[in-house]
Structure formats: structure tokens, C-alpha cells
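These notes open a run of structures that come right after.
Common to both upcoming complexes is chain A, partnered first by chain B, then by chain C.
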Partner chain A sequence: MRISLTRPLVLYPVSIVLGLGVWEALAQVMPRALFAPPSAVLGRLAAMTGDGSLPTALLGSVQHMLVGYLLAALLAIPVGIIVGRSTAIATAVEPILNAVYAIPPVALVPFFMIWFGLYFEGRVALVFAMCFFEILINVLQGVRNIDRGLLDAARSLDLTGLALYRKVVIPAASPFIFTGLRVGIGRAVNAMITAELFFSAVYLGQMLKTSSNAFDIASTFAVIFVVSLFGLACQEAMRLAERVVIPWHHESTA
Partner chain B sequence: MASIEAHNVCKTYPSRDGDVVALDNVSLKVTDSEFVSILGPSGCGKSTLLRILDGLTKADSGTLLMDGRPIERPTQERGFVFQSFNLFPWRTVRGNIEFGMEIKGVPKSERHSVAQRLVELVGLTGFERKYPHELSGGMQQRVGIARALAIDPAVLLMDEPFGALDAQTREDMQDELLRVWAAARKTVLFVTHSIEEAIYLSDRVLIMTPRPGRILADIHVPFTRPRSESHRTLPEFSALRHDIHSRLKAVR
Partner chain C sequence: MSRGKAWALRLAGIAVFVLGWEIAGRIFGDALFAPFSAVIAGFPATVRDYHLFAELAGSLRQLLLGYLLGCIVGIVLGIMMGRSALLDGLLQPWVSMMFVTSIASLVPLFIITFGFGLMFRVTIVFMAAVWYVLLVTYHGARSVSPDLLQTARAFESSRLQTFFKVMLPALYPYILVGMRIGLAHAIRAMVIAEMYVIVGFGGVVYNAGVEISTVSLLGALLTIMLVGVALNEALKWFAHRTAPWYSERQQLSN
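Presenting the complex of A and B:
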């Protein structure tokens, strides 16, 4: 059997090696204070992992990220379902939601500092603000896109009230809910670092700040690398969760 | 034994070009274990009438009765089969069939045995654990019929159930439906735009005309049961088909 060059198993390693090659070549022509080669970054990565500083920082960062994300998801899903199901509520509430969505969350940092302080609660608030709307918009879309025929089928079998939500609305909207959760977790990782840079510097954000202030570019890159890898892992985890929880959807669209 | 009737039902839809009269003083009565078709071109209001009889759509005026009691909203006394199947994609064949029984609170063991019996009745043995997207159109509609039968309704309302199927599957499904109907003895109201399908299946055919939606004629189908392929080739069958065809053509 011929192995096609476009197969992921072939293409992924090739793309990674190529990327590292370009990176290394670029580093050769750039001053060390501005750019670090992959070899140096990998060295710092190993050292910072070995002495425990990087894993400890990551663990610290994950706390406010997870709390903010979970709060956002727990609120955005029911709000999305309620607003998505009621034209009257949507008409009343959507302009406000859209107006708030238009505000860059970072612009709210000064208020969050006053309301929630400089530490954990403030960071959680920013993470919440940065992923709430991403989740909400997808849930809303999912509820509005529910096939009317499915609702007719449910009604014809005399399904009403809360059971209609549990047995039809939520499962029918679940592919969109999962998309929202996946996009949202990407934003949450983003917000995790933003919060650590804008509020008091801690964990990974602090490592980024100190290393870049000291022109230790290799360490800065090492932290960025870890953040990027972590964000990727979170999104892949959500993809996996989706396949486990709603296998019928993955198979029907594959 | 169940009968279902409509008296002077009116329904108007607003549209960009003014109001469209979907149903204009429509009355009909289907008595117990009767198989009646509503036949008409697209847009004649036949699907609207069926939805109103189930309670899925509200009539502007008129009386709707089942066994003499008014119909106000969908209940499990009536089963509905949709043209586009409308199966729940997250449920397996068995899960879809059991849906109505779950709502009614039927115990699990009983749900399983009823579902199993219906799976066998509609010829889906071996497919109980499949999801709808793994089935062909004909098989999906077998699930749709089984799901409607699972709540043991007295009346089965079928809205162009075979309209989305290819010609061969359609004829097979017609025979399947007659077999299931003979076994379950339900009162059936069947909407279609196929003259041949209406004659082949029904005891009576109600012809509907569009704009405004009205019942033009009530035609008795004289053929014996059980029906089979050979009925389609009878001279009387062709004569009836021509008769209905010319009546429909006259009003268009």
C-alpha cells in the first residue's frame, strides 16, 4: 500500500521538523537578546521542568483558569438555552448582551480590580469575562438551529415543560454547546495569562515578565511554548469529551 | 375503537401577498379502524389539516373531536408520522421507539418488550442499536412508524410518510404499512399527493383542492383486502385513478 504524503501521520512530523528548521535558521541571523533558537528554548524548558518551577507555575495558573471557565460555562449554557428558546426574552436581552460583548474584556480590568481585588478573584473575573460570551453565542446558535421537526415529533408524543428541555432541546443543541465549550476553553487559556499580566504578576505570567525583563528570551519562549501546548491540549480534551458524550454527532458528520 | 372528526375548520396564514386561506370550512369524519387518505396537490392544506387534527397547529375556527371529545393539544391518543421522519439523532432505533413510552412513565422492562415487538413488526430486527444516520430512508421511516405505534394510539396520522423515499422503497413500504395496519387495527388518516398510493392503501379517498383548501370529493375504494400488487393492474384500479386524475385536473 502506498502511503500518501497528505496523511496526518506523515504530514505532522514533517511540518514540525520544517517549522523547527525555519526557527533555528532565523535564530542564527538574529541577535540573541531578541530571539532564541529552539535548542536553547528546549534546554530551558528541560531545566525549568526539572527544578519544578514550570510545573508549579502551571498548576497555579490552571486554578483561576478552571474556576473562571467553569463559572462561565455553568452560566452561559442555561442563559443561552433560555434566551435561545424565547423570542420575547431574546428581543429584550440581546442588544444588551451584544453591547457588553463589544467591550474588550481587558478594558474592564480596572473595574475588576476595584470589585474583586488584585488576586485570585480578580483573575477569575477576567477569565470569566473573556470566555462567557464565546460559549453563550454558540449555545444560542445551537438552540435556535434546532430542527423544528424534532420539536414537532416531541410535541406529538406529548412532551412538554422541563422534560422537553432535558430530552430534546439540550441533546439537539449539544453539538453547538460543545463547540462553545471548545472555543471557550481556548479563550480561557488566553485569559489565564492575560489576567496574570494585568493583575498582580503570578505563576506563568510572572515567569514571562521576569524573564523578558531580564532579556532571557529562551525562558520567555519556553513559557510561551508551554502555554500554547496547554491551550492545544485543553481543546483536544474538549474534542475528545465531545466524541465520548455525543458519539452520534461525530459519526453522523464524519 | 376510535373515530376522529373535524367540522368547519378554517385556517388562514398571513403571507407577503396577503392572507392565504389554507383551509376553508373543511369537515371530515374517519370512523374506527378505517384507512382514509387525504389526496391533493402541494399547498392544498392537507398537511395543515393533519397537524390541526393532532393539535400541533391551532385552527382559526371549527370543531375537532376524537371519540366525541374535543382535541385541544397533542396527546398520546394519536400517533404522528412525519414526511422527514424527524427521528432523534442522538437516540438509537430502540431509544427512538421507546421515547413516547418514557414520557408516559412506562416501566423499563415493559418498554423493552413493546419496542422489541415493534422492531420485529416493522422488520428492523438486528438494527435496534443503530443510530438513525446509519439507516436508509426506508428503514428510518419504519422507525418513525414504530415510534408512533409504541404509544398504542387509537388513531395514526401520517403526513406524506413515504414522500421522501424512492419509488421502489415506497411501494414496499406501502405493503409493509398495510401489513402493520392489519396487525394493529388503527384508525389511519394518511396524507399523500400520489393518486395511486391513496387508492392502493385506503378505504376512502378525500380529494382536496388548493387556495382555498377544500374537500372536493369523498371517494369509496371498493377493492377487497388484503391488497396486493395484483390490485394495481385491475382495470377498475386504472379507471378509478383516471377518474380522480381528471377531477383534480378540472379544478386546477
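Presenting the complex of A and C:
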């Protein structure tokens, strides 16, 4: 049997090595103040991890990201379920939701500064704003899309009140809820670094600012890389959580 | 629900929102949260003092440039990756990494690379749009039915004919959905870039934000909200007009 050379298992490592090679070659011709080779980035990454500055900054960043994200999820899920259960309310709310969603969240920063100040509370507010609507829209869609037959069956079994939500509505909408939570946590990581750049500069955002101001491009690349990797890890963690909490959905789509 | 009733509900929702804004505004005052009436009354002054429409038009021109470049590159790469396992494997790891990279984290780096001018703003918008267009097109290209392609081959159509007569029509709805998602991200990125260096429309938001009164700030937010909604509706309308048979694909965008 011939092994196909176009399988991801073969190609991905090739891709990474090739990409790094192109990057390294590009760095040879680009001025050092504008571009850094992967070897230098890796070196800075190791140094910044070794002296503890990078882990400390990441730990600081995670605080407002997690608080904002959890607040958004805790509010968006029940609101989405309640609004989604009523066709009338959902129809009435939809244009407003679309309109507010169209506002670029970063444009709210001056507004949040007035209300919450330049520090922790302001950053939490931005993270909240950037993932609340993302989660809400998905939960709403999940509840709106529940199979009518399922609800009719529940009604014929006299399932009402909280039991209806616990046994039918929430399980049926949960794939969408998890999609919202996964997309939302990606947005939360984006919001985390956005907040650190647009409010008073702290943690990873401050590292980005000081390193780029000093033309220390290798360090700038290293921080960008860490933020991307962290975002990826958070989304994969949510994917894993989805598989554990609602295994039936994964099996039906796999 | 009848169309008339749905519209009545939507209008009622908007009315309740505006009323709630007005009441909250009266309670908190102009400094914290200007009421709707004050924002509307002060809007002509906002437009005059900040050259709002001129700045907005300039920003939108640069947005269009970066966005269209992003669409072209995204569509071409998306189709190539979707149809070639080799290219898919070689590019996928880097595309996935770029996809999760936060646009805000790139801003300090791109300022070093491109300065504060046109190139900087266009590149940021490009980076925000291209990966979304690429991924949606890629999924579309992968899901083109083999039956269609085999039928084309059975009728001895050339590769070029197959591409233009079979592949592109099948991909078209995906491309439009990708372009809509890309546009939302492009607008966000535009405001991020402009607020950071205080130019164009983002500069207006920044400068209005440091005023004592929130009248101008909320006026600017209302403006970008309407622009975002209008552009999104225009693309939706265009998609519906040119590919009505695929309008269910729009679910992808949520």
C-alpha cells in the first residue's frame, strides 16, 4: 500500500518547517528593526518565560478576561433562553440586537472609561461587551431552532415550568450554547489584549507596547504568538468541555 | 406570525429601546449617558465640529481597499486550498494560526512596519477580513458535490469550463457569506487601527470620548452602527437577489 504524501500527518510538519524557513529567509533581507527571524523570537520567548515576566503578565491578563467572560456567559445564557422561548419577544429584540452588535466594541472604550475608569473594571467591561452578544446570539438561535415535535411531546407529557427547561429546552439548545461559549472565549482573548492596549497599558498589552516602541520586534512577535496560542488553547478547552458535557452531539456529528 | 405583526413587533422593540435610552439618559445626564433626544439635537454640531461625514468617508474608502484585497486573496486561496490536498496541508497550520491571531495585538507591530498612514490601515483591515473569507470559501470548495463535477466530466467539459460553470456557481453563496462575516470584522479592525493612532473615524470617536459631554460620542457610535447595519443589509440583499436558491446558507453566518 502506498502512503499518500498529501495526508495532514505528513504535510503539517512539512508546512511548519517550510514556513519557518521562508520566515527565516525573509528575516535575512528585512531590516532587523522591522522584522525578526523565528530563531530570535524563540530565543526571546524562552528568555521571557525563564525570567518569569511572560507567565506573570499572562496571569495578570487572564484575570479580567475570565471575569468578563464568566459574567457575559452567566448573563447571556439565561437571557438567551428566556427571550428565545417567546417568538414575539425574539422578533421584537432582533433588530436592536443586530444594531448593537454592529457597533465595533472598541468604539465603546471611551464610554467605558467614563463609567468604569482606566483599570480593571474598564477592561472587564470591554471583555464583557465583546463576548456577551456573541454568546447571546448563539443561545438565542439554539432555542429558536428546537424541534417543535420535541416541545409537543414534552407538552403531552405535562412537562412544564423548570422541568421543561431542564429536561428539554436546555439539552436541545446545548450544542448552540457551546458554540456560543467557544466563539465567545476566542473573542474574550481578543478583548483581553484589546483592553490592555486601549485602557491603561498593563500586562501583555504593556509588553507589546514597550517592545515595539523599543523596536524589539522579536519580543513583540513572541507576545503576539503567546496571545494567539492562548486563544487557541482556550477554544480547544471549550471544544473538549463540549465533548464531555454533551457527548451525544459530538457522536451525531462525527 | 404575519408579516404585519412581525413588523409591528420590531418597531415596538425599537421604540422601547429608544424610550429606555431616553429615560436612562435623563437620569444619568449628558456627562455619563446623554439621552437620545440630546444626541439627535446635538448631531448637526457633532457632524460640523468633528467633520464626521468627511472622516467617515475617508475611513470607508480605506476600508474598502483593504476589504476588497482581503476578499480577493481569501477567495482565491480558499478555492485553491479547498480543491488541492497538497496546498491545504501546506497552508492549513499557518492559516489556522493567523485566524486566531488577535487584530489588536498586531497593531503595535504594524505601526513599526508600515507607519501611521494608508498602508497601516489597509493592512490591518486586510488581515481582519482575509481569513474569514478564506475559511468560508474553503469549506464551500470542499463541499462541492462530486456528482456535479463528475457530471461535468462526463459531458467532457474542460477544466476551465468546469470551474466557471460548475464550481463558481456552487461556491457563490459561500463566498457571499464569507464576505459578510469578513465585512463585520473589517469594520471592527478599521476602528481599532484608527482609534490607536487617532485618525479618521476612529479618531473622531477617540476625540469625542475625551469631551465632558457624551453627546458627540454617542452620535458617532450611532453613526457607525447605522453604517454597519446598512452595509450588512446591502450585502444580504445582494446575496438574496443574485442567489435566492441558496438563502438558507445564510445560517452559516451566525
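Here is the rule we go by: the second predicted complex is superposed on the first by the 243 of 254 C-alpha atoms of A that agree within 3 Å, B and C clash if a C-alpha of one lies under 4 Å from a C-alpha of the other, contacts with A are read in each partner's own complex, and residues count from 1 in each chain.
The rule is simple: contacts are C-beta pairs under 8 Å (C-beta built on N, C-alpha and C of every residue); 3 or more make two chains touch, one makes a residue touch a chain.
Note that the structure is predicted; figures quoted are calculated from it, not measured.
Partners chain B and chain C, brought together by superposition on chain A, fit side by side with no clash. By the touch criterion defined above, A:V223 lies against chain C but remains apart from chain B after alignment on the C-alpha atoms of chain A. With both structures placed on the common chain, the touch criterion links A:H249 to chain B but leaves chain C unconnected. After overlaying the two complexes on the shared chain, residue contacts for A:D152 are found with chain B alone; chain C is out of touch.
Within the superposed three-chain model, A:L240 lies out of touch with both chain B and chain C [touch as defined at top].
Once the two complexes are laid over each other on the shared chain, residue contacts for A:P8 go to chain C alone; chain B is not touched. More residues of chain A lie in contact with C than with the other chain of the pair chain B and chain C. Once chain A of one complex is fitted onto chain A of the other, the partner contacts of A:A25 are absent, as it touches neither chain B nor chain C.
Contact with chain C, but none with chain B, is seen for A:T194 once the two complexes are overlaid on the shared chain. With chain A as the corner point and C-alpha centres for all three chains, the angle toward chain B and chain C works out to 90 degrees, nearest 10.
When the shared chain is aligned, chain B comes close enough to touch A:P171, but chain C does not.
This overlay, made by fitting chain A, leaves chain B and chain C with a least C-alpha separation of 11 Å.
Looking at chain A, you'll find no residue that touches chain B in one structure and chain C in the other.
Chain C meets chain A in the complex at residues 1, 6, 9-10, 12-14, 16-17, 31-32, 85-86, 88-94, 96-97, 100-109, 111-113, 184, 187-188, 190-192, 195-196, 202, 205-206, 208-210, 214, 217-218, 220-221, 224-226, 228-229, 232, 254.
On the chain A side of its complex with chain B, the touching residues are 147, 149-150, 152-153, 155-159, 163, 167-168, 171-172, 174, 246, 248-249, 251-252. Interface of chain B with chain A (complex): residues 54, 56, 74-76, 78-80, 82, 84, 86-90, 99-100, 102-104, 131, 133-134, 147-148, 151. Across the complex, chain C is touched by residues 5-8, 10-12, 14-16, 18-19, 33-35, 87-88, 91-96, 98-100, 102-111, 113-115, 137-138, 141, 186, 189-190, 193-194, 197-198, 208-209, 212-213, 215, 217, 220-221, 223-224, 227-228, 231-232, 235 of chain A.
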